[in-house]
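Worksheet: the structure to be examined is printed underneath.
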Amino acid sequence: MADTLLEVEGLNVRFESARQSHHAVRGVSFAIGRQKVGIVGESGSGKSLTGRAIMKLAPKAARIEAGKINFDGIDLLAASERRMRAIRGNRISMILQDPKFSLNPLMRIGNQITEAYRLHHRANAAQARAKALQMLESVDIRDPERVFRQYPHEVSGGMGQRVMIAMMLIPEPDLIVADEPTSALDATVQRQVLRILDDLVTRRGAGLLFISHDLNLVADFCDRVLVMYAGQILEDIPARELRHARHPYTRALLDCLPRLDRKVDTLATVSRDPAWLLPVQPAGGVLA
Amino acid sequence: MHTKTGGVTPRARFSEWIRAPIPQSPWHARVQQAWLRWRRLAGNPPAMMGFCVIVAFVLVAILAPLLATHDIYAQNLTARLQPPSARHWLGTDELGRDVYSRLVYGTRITLYIVGLTAVIVAPIGLLAGTAAGYFGGWADIVIMRAVDIFLAFPSLILALAFVAALGPGIENAVVAISLASWPPIARLARAESLAIRKSDFIAAVRLQGASPARIILGHVVPMCLTSVVVRVTLNMASIILTAAGLGFLGLGAQPPSPEWGAMLSSGRQFLMTAWWIAAVPGCAILLAGLAFNLFGDGLRDIMDPRNG
Amino acid sequence: MARKYGAAALLWIPALLLSAAAQAATPKSALVMAWNIDAISTFDPAQIGEVVTGELMDNICDTLAQFDPKDASKVIPAFAQSWDVSPDRMQITFHLQKGAKFPSGNIATAHDVEQGMRRVVKLGFGNAAALTEYGFRKDNVDDRIVATDDDTLVLKLDKPYPTTLVLQAIAANRVSAVLDMKTIMSKAQNNDMGNKFLTTNTACVGPYRLASWHAGESVVLQANDDYWGPKPALKRILIRHVAEPGTQRLLLEKGDVDVARDLGSDDLAAMEKSKDLSIVKVLKPQLVLWSFNTADPIFANEKVRLAMRYLVDYDGLGKTVMAYMGVPRASFVQLGATGALDAKAGEPFKLDLAKAKQLLTEAGYPNGFKASVLIGTLPYASPVAESVQQNAAKVGVTLTLERMANSQLFSRIRGREYQTGMQAWQTSVPDAHGNASRMVYNPDNRAEAKLTQYPVWRTSWQDKGMNAEVDAALLEGDPAKRNAMYARLQEEWMQKGPIAVMFQTYDVAGVRKEVHDWTWNGFRVYYDSASK
Amino acid sequence: MTTATPAITEPEVPRQPRRHDPAQARKRLVAKARVVGRTALSVCITLVGLAALTFFIGRLLPLDPVVAVLGDNVTKEAYDAMYHQLGLDQPLIVQFGSYLHGILTLDLGTSLTTGKPVLQDIARVFPATLELASVAVLIGTGLGIPAGVFSAMYRDTWLDHVVRVIGLLGHSTPNFWLGLMGLVLLYGTLGWIGGPGRIDLAYEFDLADGTGFYLLDAALSGNWDAFANVFSHIVLPASILGFSAMAYISRMTRSFMIEQLGQEYVVTARAKGLSWARTVWIHAFRNVAVQVVTVVALSYAFLLEGAVLIETVFAWPGFGRYLTNALLAGDMNAVVGCTLLIGLIFVVLNLLCDLLYRIVDPRTR
């Protein structure tokens, strides 16, 4: 595809625990450009971990190995922590699941947003403030002045997530990793948040890595879908072709979703088959 | 259960069995759990160190008669306050008794105090705490009020007061210390059982018509046990210190008992002339306290990693 | 913020090392003394029942007469410049100092002394015994202690007691302190005769007055400029409470104090060599007792009590634990007192397990027995007891020690709630009668009599015969005969008495070379003659 | 040291979101009032309980208060008189009643050993202890907080292990022993520091009538010799107590921090591109600050206990020694008075900390 933004090859994540080493991500490889890519899988399939590994924010215990992680020509494997800091937020940023926990409860919303901005742009308090307010408006917050002054616990979940989006988009990153950004919200709000996310991303022409367990959602929101199972990518297909996915697991996932257009008497359950697990290709360069 | 693994050596078989992803029986599961914890402990050097020291202390206590070089009561007024030498490895005290031998036997007393206190404190604290937590309401208010009252005292002061009231002596010291150190345990147990009480399986048991006593003893207490055990282990260090403090003030073990605190306080008079009499038991107390702290800390990391 | 803290903390470490202790030499005009003064509870001479305050009081309140600094068995004039005794020894007339001033400015007269002495009897604290023993009772004190004019005081006795004894027991005792009765009575509340006021104040004629007392911290005595006698060389006596013997040694060696009063025997031995301080010691009229409660069937047996006496390693302990602390003594009469047996005859016992075993067998305890020993917190109490315990074990007697706060020890023994107990006992007169009247003579052995200030009563032991001997000896006019009678008493008592006397203690102090003329005898310390 | 019982866990914080609506506001006000009332009541109950417990322990003591007053050598009459005067002939409950009444009228009775009102005694000895404790807490906080935070930051590294072991050492060292040894070494042998007591007697009278805080008095009166002297006296006991405070504070700080560092907002902060240090100090630390303050406040209270033995060793004329002496001498009024005070301090400190939460933490406002 044209101008690849992020390229991952043979990403492995292991947890070395006292009992035995748990191999969470097994040789995942993919590439994304300035498009909306969804990663779908059951919880524990290693999708979130993949997202964090890219930003080198995986927990300390995790040992990360990969053949290659390239972002816009930068070799993240080699990048120093210092370099990573310049990239995080600025070039790649991340939206987490639940604003209740992902926002600092003791910092005013305004400060959290301006902090994110001033970290990467030379700007005085006043400018940053102006920018932040403008950003809040752009995520459909009616009374930005007030929200700016409020504490996270004082705003609703949906608004919180919009604040999160504002905070993460304000430095104008090229790639956004959204880790289940809507799973904590109720259906109506979900749509709204997604819409905002959608047109902000498209307007800026940024890339989006959309991590979710909700196949339907991903199906009609993203351009491309990666289906993960047990730390591996089983299938990588354009969203519109999802209906014709041929991997049994993907099929199963689809079937067990209630559909309106077609009548099902019993909801299928996912049946697993060890054979799905492909041999893991040996990892290349070790990082972190 | 593991007949398939026929040909392999017992050792390999065992390790395979202990690692088995799915335990075959509750017992198997428990063994695996224990083994896992042991592994975690082994992976935690400070805790391991503490554990070893404690084991060492226990051994010393058991083997005291073999390790001691002198009769710990035998006095020799002509050979008093002697510095460490080949004959008396840690010198002699104000009555010419061998400090080393007394130190060795002292471990018995220390462990005795610690053990007895633990045995008294844990059940009291558990029952009070779980009862308060489970029943709530008035029981809770009353018990917790009592706990607060006790907690408002620094434990040493309280122990002092009780010992003064009960009269000196190890047993009384133990009772006093116990009286002073059950409240934190009770508080802990309460917090735990508050959480457990709400859980569904308790509701289930209740629906089966189990009596409160049965529920508390059969279900709540076991759930609280781990954290209480951890807490008690951590407390042991402060128990040792409190006991030593009492001994230091002459309210603990009575002469000629070689209790470390008592040894220390009698050595206090000879600081300038024979520093080792005070220095040696002091070090022993320090070591013991440290060991229990390290081990307790490790235990806590292992038992409930959440507050690692 | 935490970073700042960190910086502050780091600064602290070198501070600790560099904080050069500004070692202040003690002030020239003051005597600085380290002493365990926890026992101080009042400054009312009628109530004081304890050594420390006693010593202070001696330097605050003049008494009619005083012990000769050089020879405690002699009594020399003090506030009374002279006295004459009626031929029948039944009346003593004191001629007092004229025009002496109290700190309040009032003039001290014989009436103050009279009121003061009556006050002691009427308040009836322990010290009242000093007077009641000689027939001054609440009902008769007003006619027996009389000031005939401003500077004459007359004591009328009920029996012809030996005059020196009376002088020692009363005239040289704080019961005859010269109190500023006007001031004191003006401070009296609910007819306590100023007792409350005097707990924290003094109002006396004397070389020093109490400037401040912080319980368990310090006492400061200030010299009285308008004192009638020779002016004290040192204007101030600063006493700092220090409980730890080791600590006292440190302070003394560092020159932070001039005198240390509670040094441990081993520290003393070590300090003997030091050239910038000297160790001084003097025998006190204080005995270390091992009392047996004869209400207990075991110790009712005279042979058992005797056996116990052979379990004490007088010699060994005397050379080690008790070195500097005291000398072996078995007689109830302290060395240096009139009528005392000499050192040898007064200590017929020695550690002799065989003898003890034999006595126990005769007593019917061939395999020994179990008993408890109560001990207090005196520094030597525990080692002495442990030594005895060890020897006892060798003859099959199991002694269990119970160490407790002194006040607790006292109340247990006073209440007869004990088997055996060790404590120190001090008399106030250098005469055999001083202890004979307390450790031998038991006027009433009934529990309800509660003669708790009689050590002998506490052992529930009474011997009518010896009671009689004590009475006789007291009134015997001929000194030689009198001494002989006391000698007999002592020998008899040492064999069957309910109390094993083990040691007579020293008053011992470490004194820095800067201090000159540190003067004392077993009965008092003369601050006013010390200088620097 | 027995001082640091990690009994205090963070008080749980109500997380109800805040709405702007008068009825709600009124409801909240009423609720607040009820809370205040309940706390006040429980505090009272606790205090009465304290008094009762100590009072009855006191009366159980086999020590004879009369002997404590009159000494060993006393006639029966005098004994009985004092017995009556001390009201010991009344039934316990009556005695307790009169004692409680005394408390309400700020009269803790008269100390049997000092002959002064207990309150007055305490007022005299307390500054000494407070000064000691303050300096100790200063040390403890200064070293403890950074230590705790860093070992949380670099968890399971050698640094973490070192900090933890040092902390545990602080928990395990008999402070009286440390005091004795330190005294012998630093004062006896090396002469680096001042000896026992708060100050050399030579200076004592220069500072006789001041605030009772000698460092302060000396500084105010510009008497720098005296200041140096006081400092040289306080530095060792304070450092030893500070050591135990440090152990406790660093320990608690560490576990608070570890909990916070596991939170999602930390990931957010990192994802923004914040440095690890900045994430920890600006974001995470802010969230534990209040808990840490609580711990510091309580370690203050614990030092009161730590002082008991230290003050005996250093002949420190403070609260702890006053209490011990009173206890050993059977001076019950003093004992009960002191214990009551300690209890009061604990309870009040706890209250203050809760209050602090309500002020600092926006979620509880």
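Just a few scattered comments:
Note that the chains are named A, B, C and D in the order they appear, and that numbering of residues resets to 1 at the start of each chain.
Going forward, contacts are C-beta pairs under 8 Å (C-beta built on N, C-alpha and C of every residue); 3 or more make two chains touch, one makes a residue touch a chain.
The structure displayed is predicted, hence computed values, not measured ones.
Taking the definition of touch as given, a chain qualifies here only if it contacts chain A and chain B alike; those chains are D.
Across the two candidate interfaces, A-D and C-D, the one carrying more C-beta contacts is C-D. Among the other chains, C has the CA centre that is most remote from the centre of chain A.
Put simply, the chain closest to the centre of the protein, by Cα centroids, is D.
Centre-to-centre separation of chain A and chain D, using mean CA positions: 50 Å. Computed from the mean C-alpha positions, the centre of chain C lies at a distance of 40 Å from the centre of chain D.
Chain B and chain C have centres, each the mean of its CA atoms, that are 47 Å apart. A separation of 25 Å divides the Cα centre of chain B from that of chain D. The multi-chain contact residues of chain C, meaning those touching 2 or more other chains, are 244, 246, 250, 377, 405. Residue positions 164, 167, 268, 271-272 of chain B are each in touch with at least two other chains.
For chain D, residues touching at least two other chains, in rising order: 62-63, 180, 183-184, 188, 312, 328.
Interface residues of chain B facing chain D in the complex, by the touch rule stated above, are 45-46, 145-146, 148-157, 160-162, 164-165, 167, 181, 183-184, 187, 191, 234-235, 237-238, 241-242, 244-245, 248-249, 261, 264, 268, 271-272, 275, 278-279, 282, 285-286, 288-290, 292-294, 297, 307-308. Within the complex formed with chain B, the residues of chain D that make contact are 1-7, 9, 42, 45-46, 49-50, 53-54, 57-58, 60-63, 161, 164-165, 168-169, 171-174, 176-178, 180-181, 183-184, 188, 255, 258-259, 301-302, 304-305, 308-309, 312, 323-324, 327-328, 335, 339, 342-343, 346-347. Those residues of chain C that touch chain B in the complex are listed here as 244-246, 249-250, 264, 266-267, 269-270, 313, 316-317, 319-321, 377, 379, 382-383, 385-387, 389-390, 393, 400-405. Partner chain D is touched in their complex by these residues of chain C: 2-3, 5-6, 8-9, 12, 15-17, 19-27, 32, 38, 41-42, 47-50, 123-126, 128-129, 132, 196, 199-200, 214-218, 238, 240-244, 246-247, 250-251, 253-254, 256-257, 377, 405, 407-408, 410-412, 414-415, 449-453. Taken together, the chain D residues at the contact with chain C in this complex read 62-64, 67-79, 81, 111-116, 121, 124, 138-139, 141-143, 145-146, 149, 180, 183-184, 187-188, 191-197, 200-204, 225, 228-229, 231-233, 235-236, 239, 281, 285, 312-313, 315, 317, 321-322, 325, 328-330.
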